[in-house]
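Shared between the two complexes below is subunit A, which has subunit B as its partner in the first and subunit C in the second.
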Partner chain A sequence: MLEHVVNGLVLGGTYALVAMGLTIQYGIARIMNLSFGDTIIAACFATWLMFTGLALSPILALVVLVPAGYALSLVVYRFIMKPLVDRAPDEGALEVDSILVTFGLLFVIQGVLLTLFGGGYTSYSYLNSPVNVLGTTVAANRLLALALSLAIGAALVVVLFRTRWGMTLRAVALAPQSAPLYGIDTNRAARTAFAIGGALACTGGVVLSMFQTFTATGGVVFTMKALIVVILGGKGSVPGAILAGLLLGLVETFVAAYIDPGLTLAAVYTVFLALLLVRPNGLFGKA
Partner chain B sequence: MKTPLAFALAAVVLAALAAAPLFIPDYWTGVLLGMTGYVALATAWALFSGPTRYVSLATVAFFGVGAYTVAVLNEVLPYPLVLLCAGGIGAAMALVVGLSTLRLAGVYFVIFTFGLAELVRQTVSWWEVNVTYTMGRYVFLPFEGRHIYWQLLALAAVTLLISWAIGRSRLGLALKAIGDDETVAAHAGINVTRIKLTLFVISATLITLVGAIQAPRWTYIEPSIVFNPTVSFMTLIMALLGGAMRLWGPLVGAVPLFLLFEWLSVSFPDHFSIILGLLFILIVFVMPQGVLAKLEDLRGRGKP
Partner chain C sequence: MTSFIAETAGAVRRLMTRGATVALLASVASTAALAQEGDTVRIGYAVSKSGPNAGGSDMTVTPNYQLWVEEVNAAGGLTLPDGSQKMIEVIEYDDRSSAEEVVRAVERLATQDEVDFILPPWGTGFNLAVAPLMAKFGYPHLAGAAVTDKAPDFVERWDTSFWFMGGSVDYVDALTEILVAQREAGTINDQIAMVSVADGFGIDLVKAARPAFEAAGFEVSYDKTFPPETSDFATILGEAGNAGADTFVAFSYPPHTFALTKQAKVAGFNPPVFYLGVGAAFPVYPGIAGGSVEGVMSLGGIDPNNELTMAYRSKHEEVVGRAPDLWGSILVYASLQMLAQSIERVGLDKAAVANELSTGSFSTVLGEETRLENNQLRAINWIGQWQDGNFVAVSADGGEGKAAVKLPKPGWE
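Coming up: the complex of A and B.
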C-alpha cells in the first residue's frame, strides 16, 4: 500500500513536471503543442545514449540536455511557430494552427526516433538499488526522480511568483492584450515561455528514463497525459498542474496495482471527464 | 453550373467509377478501394469539423469500432444487420462522447478526441484479453475487393449527398454561424449544442460505416491494426489540403494524397512518418484554407 503511494508520487511528480512545461507553453505562448510528448521521448533516448555510449550519469545528461532543449525550442519557435503567430487573426486561429503544425512535428520527431532507434522498448539500469523508506523498499532511482522533480518544480514556482521576470510572464498569461500597455514585450515573453516548456520536457525525459522503459512511439501517450494534467489543473495554472500531476500518478499506480495495468488510461480518462463535469475549468481554473 | 446538370454529371462519373473494376486489374481496384474509403472518411470528417472548426482527432476511434463490430458479429448475424449494428454503435458512442465534450471549449474537444482512439484501443484489448480470452479475430465474408469497393463507393456518394444537403439547409446556415462566432450564434437563438451534436453523430456514424465496410479486407483483425492513429492523421490532412469548408474539398485533397501516400509507403517505408509530418507542416503553412481556396485566390488575383 505505502509502496504504491510512493511509486504513485514518483510518477505523479514527473507528470507534474512535464505538465508544467506544457501549461507554460499553452498559457503564455498560446501554443497547444502536440509534439510535447515526443520531445520527452527524444530526451529519454538522448539520456540513454549518453549513459550507455559515454557512461555519463543522467544527472550530467540533465546539465547538457536541459539547455539544449531550451535552445532547440527557441529555434522551433522562431521558424515554425512565429510565422503562425504573426499570421493568426485571433487566439482561436492560432490555437488550431498550432495544433495542426505540432501534429505534423509529432510525426517528424517520431519518425526520426524510429529510424535511429527502432520501435523496441528501451531502458537502462541506473541506481537500481533498494532503499528503505518508512518501512517499504523503493528503488533509489525513483527517489532521485522524485527529488529532482520536486526541486525543479519548486524552483520554477519561486521564479514565476517571486521575480520580476516571472511576473512579466504571468502578466502575459493573464492579460495578453493589456500587457504591452505596461511596456511588456509579449513576443519575447511568448518565445521564452515556449523555450522554458521545451527545457521542462527535456528535464521530464531525463527523469523518466531513469525508472521507466520507453519506445519511439510512446510520445503520444505522454502528450495526452500532460494535456489531461494541464486541463485538470486549470489551463495556465502551475500549482494546478502540480496537484493534478500528483493525483494522476496516484490514480494510475493504484489502478495498475489493484485493478489491471491495461486500464490505466481508461481510469485517467474517467477522472478527467468526471472532474470536467463538476469543475469545467479545472481545479484552479478561473470561470 | 446548374444543379440538374451537376447531378447528371456526378451520376455519369459515379457509373464510370462503378464499372471500373470490370476493366482494370485487381491491383488497381485495390487502389481505388483505398482511395474511395479515404474520400468517404475525409468528407465525413469535414461534415462536422469543417464548419464548426472543432478539430476532431477521433476518426480512427470510430473507424476501428466499425471494423471491430464486423469482426465480432460477422458469424452471428446476416451482413446487412451487422452493418446496421455498426452504424448504431458508432452513433451511440458519438452521442456519449459528444454529450460529455461538445459543451466544453474547442481545445478540450481536440484533446479528448486525441486520446479517444487510444482509450478505445486499450479498453477493447483489455476486454478481449480478460473477458473473451481472444486477441485477434477472423473475418470470413465472401467479398472480393470489388464488392467492398462498390459498397464504399455508394457510401462515399451518400456522404457527399448528405454534405451537399446540409450545406443547403437551415442546419448548414446555423453551422456557418457557429463557425463564425459561437457566442453570437447562441445569442441569435441557435441551439448550438444540439446542432453540433447532431452533426457530430452523423459524421461519426458515416466514419464507423467506412470502418465496418473495410473490415473484410483484413481477414485478421486486432486492436493495434484497426485503431492505427495514422488513419485519423491522413483523414485530417486530406480534408485540410482540399479545404474542409467546401463540398468537394475533402475529395480534391484525398485523391492526390492517397496516391502519394501509396507511393511513399512502397518506396520509403522507413521514412514514411517523417515525410508525412513534413508534408503536414507544409500544407498548414502554404495552404491554410485548402487547395480550392488557393485556386480561387489565384484566379481572383489574375483579374484586373
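Coming up: the complex of A and C.
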C-alpha cells in the first residue's frame, strides 16, 4: 500500500512538473500553448545532445537550458504572441487565436527536430539508480522530478503570493481589464508569465529525458497530459497543478496495482470527468 | 560559456553534416538518375517519416532503402537481363503514420508516378493496408517489417505478396521451446509473468503466447495489458515480481522496452528469464539501459560468426552512420537484394519478377541460398539474447548458426 503511494507520488511529480508551466502560460498570459509539449521535447533533445555529444550532465543542462527557455519564450512572445494580444478584442478571442498560432508553432518545432534528429527513438540513462523511500525502491531520476516539481511549485507559490511582483501577475490573471487602471503593465506581466512557462517546460524536458524515451513527434502526449492536469487543477493555479498532477499519479498507480494496468487511461479520464462535474473550474479554479 | 557555445555549435554542425550527407547521397543518386531521363528504374515508397511509427521506420526500413539504393547506384545501377544497367530513381513519400495516407501514397505511386516498383511501408498494419492495392496493380509486395500468422492466407489472396518476418506463433513457439528445456533443466519454475501493450504487436503476440504457454504446461500467473501511452512501469514490475514467476515476458514497443529495462534495474527485478519486445534488439539498447544487459532476451538476433551478416552490418554503419537493428533490418535488406537479382534475371516486368521471387534462389546477406517457401521467408532467427555485448540468435541447445541460450540471466550491474 505504502509502496503504491510512493510510486504514485513519484509518477505524479512528473505530471505536476510538466503541467506547471502550461498553467502559468494559460492562466496569466491567457495563451493556450499547444506547442508546449514540443518545447519539452526540444529540451529533451538539447539535454541528450549535451549528454551524449559533450558529456555534460543533465543537471548542468538544467542550468543552461532553463534560462535559454526563458529567453527564447520572450522572443516567441515578442514576435508571435504580442501581435495576437494587441489585436484580440477580448480574452476569448486571444485564447482561440493562440490555439491556432501555437498549433502552427507545434509543427514548426516538430519539423526542425525531425530535420535535426530524425524520427527515431532517443533515450539515455542518467541517475537511474535505486533510492529507498519509506521502504519502496524508486529511481533517483524520478525522485528528482518529484523534488524539483515540489521545490519549483513552492517557490512559485511564495513568489506569486508573497511578493509585489507576484501580486502583479495574479492581478493580471484575475482581472486583465482592470489591472492597467492600477498602473500595472499587463503586457509585461503576460510576457513574463509566458517566459516563466517556457523555462518550466525546459525544466520538465531536461528531467523527463533522464528516464523517458522521446521522439521528435512525441510532444502532443505531453501537451495532452499537461492540459488534463491544468484543467483538473484550475487554470492558472500552481498549487492546483501540483495537486492534480499528484492525484493523477496516484490514481494511475492504484488502478494499475489493484484493478488492471490496462485501465489506467480510462481511470484518468473518469476522474477528470467526475471532478469537472462537481467543480467545473477545476480544483482551485475561480468560479 | 563561449567555449560551451562553440562546442554546442560544433555538435549541431556535426549532426547537420551527417544529415546533409545522407540528403546529399539521395540527391546525387536522383540527379545522376535524372541525367539519363527515361533510362532509370523508378522505385517509389511511402514510409513514416513523422508520427508514432517514425521511430520504427527510421530504425528498420528507411536506412536499408537508402543503403541499397546507394550501393546499387554506386555500382552503376540495376542490371537487366541483357547486361545493361539502369540507375535507380527514388520517389519517397511520408505517410505521417496514417493508414489512409499510406494507401493514398501507394495509389499515387502506382497511378500517377507510374513507378516500376514499390517498396513496402513499415509495420504489420500498414503492410496489410497496402497489400490489396499492391496486388491490384500487380506490384511485388516485399513485406519486410510485418509479423503476421496469416501470411499463408495472404499469399493465397494476393499472390504477388511476400512475407519476410514470420508470424507471432513462430516467435512464441521458439520461446516456449527454450522455456520447456530450461524448466526440465531445473533453471526455472512453471510460472510466467506476462505483460503486453494493448496495440497491434502486443495483442498479436500475447494471443499466440497464452495457448502456447498453457499447452506447454506453464501457468501464466500474471497476465496484464497496458495502454501504449504508459511510461511508468514501477507498479507493473512490482506486481509481476510478486507473482512468483521465474519468467518475465513483455510484448512491448521500444519506449516500453527501454522503460521496463531501466525500472527493472532500479527495482532490482531480475528473474532468470527476462524477455522483452521491440527495441531490445536495437544497437542503442545497452547504452539506453545504462550498462550491461547481459542475458536479456527478445525477438531476432544475429550470428556474429556469419561473415555475410557482419559485412552487411559494417556497410550499413558506414553509409547510414549507425548500426542496423539486430532483428528486422537484415531481413528488409535481403528482400531488396532478392528484388535486384530477380530484375537481373527477368527484367522489369512486374509479374515475371514476382514469379522469380517465388521460385528462385538468391544470394543475400542471409546466405548464399536464400529461398522463399510459399512466398514466406522461414529461415530466420526467432530469438536473440544479449551475450558478451552481442545480441546473438539463440536456441535451446545452439547449432545451425545459433548459440545456446545462457540462463539464468545474470544480475544487473
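Convention: the second predicted complex is superposed on the first by the 268 of 287 C-alpha atoms of A that agree within 3 Å, B and C clash if a C-alpha of one lies under 4 Å from a C-alpha of the other, contacts with A are read in each partner's own complex, and residues count from 1 in each chain.
The rule is short, and it goes like this: a contact is a pair of C-beta atoms (placed from the backbone, for glycine too) under 8 Å apart; a residue touches a chain by one contact, two chains touch by 3 or more.
Treat the numbers as computed from the prediction; the structure is a model and nothing was measured.
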Would you sort A:Leu105 into first (subunit B), second (subunit C), both or neither based on which partner it touches? first
Check the residue A:Phe161 against both partner chains and state whether it touches subunit B (first), subunit C (second), both, or neither. neither
Looking at A:Leu11, would you say it contacts subunit B, subunit C, both, or neither? Reply first, second, both or neither. second
First (subunit B), second (subunit C), both or neither touched by A:Leu114: both
After lining up the shared chain so the two structures overlap, which partner does A:Leu265 touch, if you call subunit B first and subunit C second: first, second, both or neither? both
By the touch definition at the top of the document, which applies to A:Val221: first (subunit B), second (subunit C), both, or neither? both
Touching subunit B in one complex and subunit C in the other: list those residues of subunit A. 110, 114-115, 221, 260, 262, 265
Can you check the complex and tell me which residues of subunit C touch subunit A? 4, 7-8, 11-12, 14-16, 19, 48-52, 54-55, 57-59, 195, 198, 224-227, 229-232, 234-236, 238-239, 254-255, 258-259, 262-263, 265-268, 279, 282, 284, 287-291
Which residues of subunit A touch subunit B in their complex? 32, 34, 80, 83-84, 87, 92, 95-97, 99-101, 103-112, 114-115, 220-221, 223-224, 227-228, 231, 235, 260, 262-263, 265-266, 269, 272-273, 276-277, 280
In the complex, go through subunit B and note every residue touching subunit A. 53, 55, 57, 100, 104, 106-108, 110-112, 114-115, 118-119, 122-123, 125-126, 129-130, 229, 233, 236, 240, 270-281, 284-285, 288
Subunit A residues touching subunit C in their complex are 3-4, 7, 10-11, 14, 49-50, 53-54, 64, 110, 114-121, 123-126, 128-130, 137-139, 142, 211-213, 215-218, 221, 252-253, 256-257, 260-262, 264-265
